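Each of the two complexes below includes chain A, the first together with chain B, the second together with chain C.
What follows is the complex of A and B.
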């Protein structure tokens, strides 16, 4: 496979190298891809350092095991420690998590931006302050509704159930150019219709002269006092061991490594913003899944991933969607084994798998373990656990209203439900221990939160790390609070805004 | 892709095979998938963080050896019914690491088993053909528009104010 000019892999760096540039971008996902493109277009010489590999669209296939090994951090086995333990997924490849997400492109809810302004003094974000950044992002990722004819039966049934209950449903806006509904989003879009940064912002960055070094892990941010002078990185060999040194020197470093690895890198580099909040405030939109078996053939894999969202309960802090997964991934996520599991999976083509996303009210933290490995710690609160139970119970009712014959809840010990009455009998009014709830997530946020008060916030309102010179953050770590919707577009808009501020700084410096 | 230089310990393969028999329906033996599932789990473990991988291996060793205390034989040597009982005691264990090992291992085995070609066939899951067909239809119908989008993507932004440019490109 021919690589585009400007993309380098471990095969290209066989000896220690020292590189110079104007700006280093750590990470190439929703934050890093955007920042790299904006800074390069603004005229800066940009180097992107991405820990994961470069995998073009042609490599993407509906093979979950192979794709998780290739595209996911830790082969998809990352987890936040607590009760329950929460599995989370992050992309580790050029394009980051945008390669493996569902592509939902929602603007930040106005009430969230208003809260960020009032409580965290994030200037310029409310009353439409972010609109021009959203518009710019939406242009490059082609955020749009699905074409007619690409919505699968799984989503039609979700909609039918919501309509039967009289609940509000919205058509999803996704980053896609005429998505054909191949439903392989979580393992890389095989048609490049989904506009991950791999096929949108990274090519744009390359077109403006940026260089992307994949298979390179940044180990330390180099400092001279409070001034950041670059990063010290290593090539990651195919077996995970440390390869040649990659030393990059630049007056600007933008860290976009996600809400776990961004604070971890700052901590490992001895950067201690005065707030003491680095690594704290971890929020993660807990997800739980409900599996419904219908009499009719559904074949949910024939159609777009998540065409709709049920927004009826958004004010209560949760959303619902239909999320079809390959049988192997569905099976591994269910609280069953053996014949009991097979009893569900054997009807794979008649299954609608739905999920809820909860806007959490608690925060965990990221700590560095001895040896430098970051670990997330997160305790689900009783309140959030109750909302997961209520949300999944309502989703089960919706699926019964759509004609489901049986529903499996994400709770260990709760029997297979066969009617809406069973939901009331076995779920409502029962206290379900937290350790019996199967929770996972793909939205990690908040561990380098932005705001106007250096005593409370890690970064200022434009992502500049307090009490440092030349160090910025542009990813979901910045969020002062969870946002209750899919975070990709918010990350991208903030990254665009931060890049604009960096360019302004540079312009002033050069003018002076 | 990063895969550690790790080989699943040969001495624990029988335990993993036994766990696969407990966690999968009879199709596992019927289709002769035991070795494939064990190999797949070993491969997947190579992508995991080393601490996690070490925990899994230690857990499987404990699952294997612990059965001697309760049932007088290693887990891999137990008859099917007793093996199920032993596994069930781990699945519902009040000790979190035991419970998590059972759940984590079950997840890996389920991934391996249902990702196998014969099981995908049995479930009538044929995404490759669907993807190829959908991709072809997409290009036939929208090819010109997609090309225009790709061209615009790498073109300078005509709306970008000149003062945004710190240094003009050559």
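What follows is the complex of A and C.
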């Protein structure tokens, strides 16, 4: 495999190594990729440590099994424990979750930024305070609307249903350049049209001299008292076992390992910010899926992944979209078995799979299990469960309005619906127990929340971990609350802002 | 020494309402103030004495509820400080030197907290290290380690402290205390 200069893999580290640099970045996704690039451009000697492998665009293919093993943590089947148990997926590769997400690039809603300012004392974010960071990010990831002609029939039907109901729909803005609509976003973009950090920020970081060590898992943050002095890591061998030691020493460490592994790494390293909030405040935008079968041949795999979002109910805290899944993944996630599952899957070519994203009102937490494995715990509230039921019911109505012949709801015990009347009869008319709802997510947030009060927040408003020296966070762990839209651009903008602060901090240190 | 233009001495005789209110807060709220507080400016402490009050009631029984802390600079420019025992009467009464004369004891050295050292409980504070204050090695005050923060941003007139006692590598929290600017001092050692 040919690799760009500056990318190292397990094949390059066959003995224990000790490295020195100015700044260590743990993770290479929306947070890590951006921070690494910004710090390297700012003149720092940067080393990125990424637990996952380096997989260039040429390796990406519509092979869900092989790709989930390569690109996802735990093969994409991680779980948050609670009622119901919630399946979640995270990227684990160079580029992180930006390699396997849909690429939606939305700025943080102003009402959310206003809330962060008022309730969490996150200064400088409201009244356009983040605009210049958003603009910089959008330029580097090429955030734009789709080219005409790349919207698939599944998304056209979603739009038709919303139009029939008179509901507000927006064209998605995505990190793409002339996306051809191959609909393989979740398994790596095979054309590199999607500008994940793998093909945007990481090459930029390399160009400014950063080094990226893939297949290297950071096990512990090294410290002298409360001063962070580096990290202790291990090569991850191809069979998953621990390989040679990688010891990196630097005065700055930025952890960007996501909302599960960032708090886990801090906890495992004995870092205990005084707020006691580390690992708490987990929010995850619960998703639920509705599958509709049409008479026409939809061929949902043709066309862009999520061309539109239905925003009619954003003030109620949920969005709708059409998301086509490969047959194997769809079959695995449906609440049906045997003949009933066959009844749905045999019509795969005529299926539109839609989903809702709920801005949740409760939080869970991440704890370390004996042995150091993190585990997420999350309890869906009655209020959020009601919104999932209402949101999916409205989505079913939309799909019937678009011409669906039958709709499968994400609830055990609810029969296949054959009309909008059935929605009222079998969904609105019944109380659906939480444990009967199929919920999953790809948005995990909040477990190292930022804010101006060390007594309540883990990090300050620029990601510096309270009550430590030299330790920063730059990922969705920072969010004080869920944001109600796809989080990638918010993570990237905050990471840009945090990097700017780190560079200022470093300049002051050098001057002193 | 930097200008002390912004220093606003409190009433010379009586503690302010703000001072007494702070001293009456429960420990949980005092802890939050410690976490939120800024590091005081050493240059604005030098050459001043502050009225001090330990917050736990048991300190009244021990006769150490009220005290005075002073700060001075060594010829080399390093900030140090001292304590002065005062009459243990009501906190609404003036702070008067015990016996009518100032008797300095319990000396300490003042530095910003170093994150990499053992005494690093509050990185946002000044450390008053009695172990480096030049006290006799058998002096029990040598084991004290105090942390000091501002209560209000930008002001060094009212400060909150937290005292620990060092027992080998262990640090035992003993009390919170509040300080209010009292009077200039020309003490040096």
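What we mean here is this: the second predicted complex is superposed on the first by the 512 of 512 C-alpha atoms of A that agree within 3 Å, B and C clash if a C-alpha of one lies under 4 Å from a C-alpha of the other, contacts with A are read in each partner's own complex, and residues count from 1 in each chain.
Throughout what follows, a residue touches a chain if its C-beta (ideal position, glycine included) is under 8 Å from a C-beta of that chain, and two chains touch if they have at least 3 such contacts.
Model, not experiment: these values are computed from the prediction.
Undergrad: I'd like to know which partner A:349 touches here: chain B for first, chain C for second, both or neither.
TA: In the superposition, A:349 touches chain B alone.
Undergrad: In the superposed arrangement, which partner chain does A:227 touch: chain B (first), chain C (second), both, or neither?
TA: second
Undergrad: Considering only touches as defined above, state whether A:61 meets chain B (first), chain C (second), both or neither.
TA: Touch partner of A:61: chain B, not chain C.
Undergrad: Using the touch definition from the top, say if A:465 reaches chain B (first), chain C (second), both or neither.
TA: A:465: touches no partner chain.
Undergrad: Touching A:453, do we find chain B (first), chain C (second), both, or neither?
TA: second
Undergrad: Tell me which touches more residues of chain A here: chain C or chain B.
TA: It is B that touches the greater number of chain A residues.
Undergrad: Examine A:373 and indicate which partner it touches, taking first as chain B and second as chain C; both and neither are also allowed.
TA: First partner only, chain B.
Undergrad: Check the residue A:77 against both partner chains and state whether it touches chain B (first), chain C (second), both, or neither.
TA: After superposing on A, A:77 lies in contact with chain B but is clear of chain C.
Undergrad: Across the two complexes, what residues of chain A are contacted by chain B and by chain C?
TA: In chain A, nothing is touched by chain B and also by chain C.
Undergrad: Once bound in the complex, which stretches of chain A touch chain C?
TA: Touch list, chain A to chain C: 224-227, 274-275, 453-455, 466-469.
Undergrad: In the complex formed with chain B, which residues of chain A make contact?
TA: Going through chain A, the ones touching chain B are 41-44, 53, 61-65, 68-70, 72, 74-78, 83, 85, 140, 142, 177-178, 180-184, 190-191, 193, 200, 203-204, 206-209, 236, 238-240, 301-302, 326-335, 337-339, 341-342, 345-346, 348-349, 369, 373, 435, 500, 503, 506-507, 510.
Undergrad: Applying the document's contact rule, which stretches of chain C touch chain A when the two form their complex?
TA: So the residues of chain C touching chain A come out as 31-32, 35-36, 114-118, 120, 122-124.
Undergrad: Which of the residues in chain B end up touching chain A in this complex?
TA: Residue positions touching the partner: 1-5, 22-25, 27, 40, 43-44, 46-49, 51-52, 84, 87, 91, 96, 99-100, 103-104, 106-108, 110-115, 119-120, 123-125, 127-128, 130-131, 134-135, 137-138, 141-142, 145-146, 149, 153-157, 160, 163-169.
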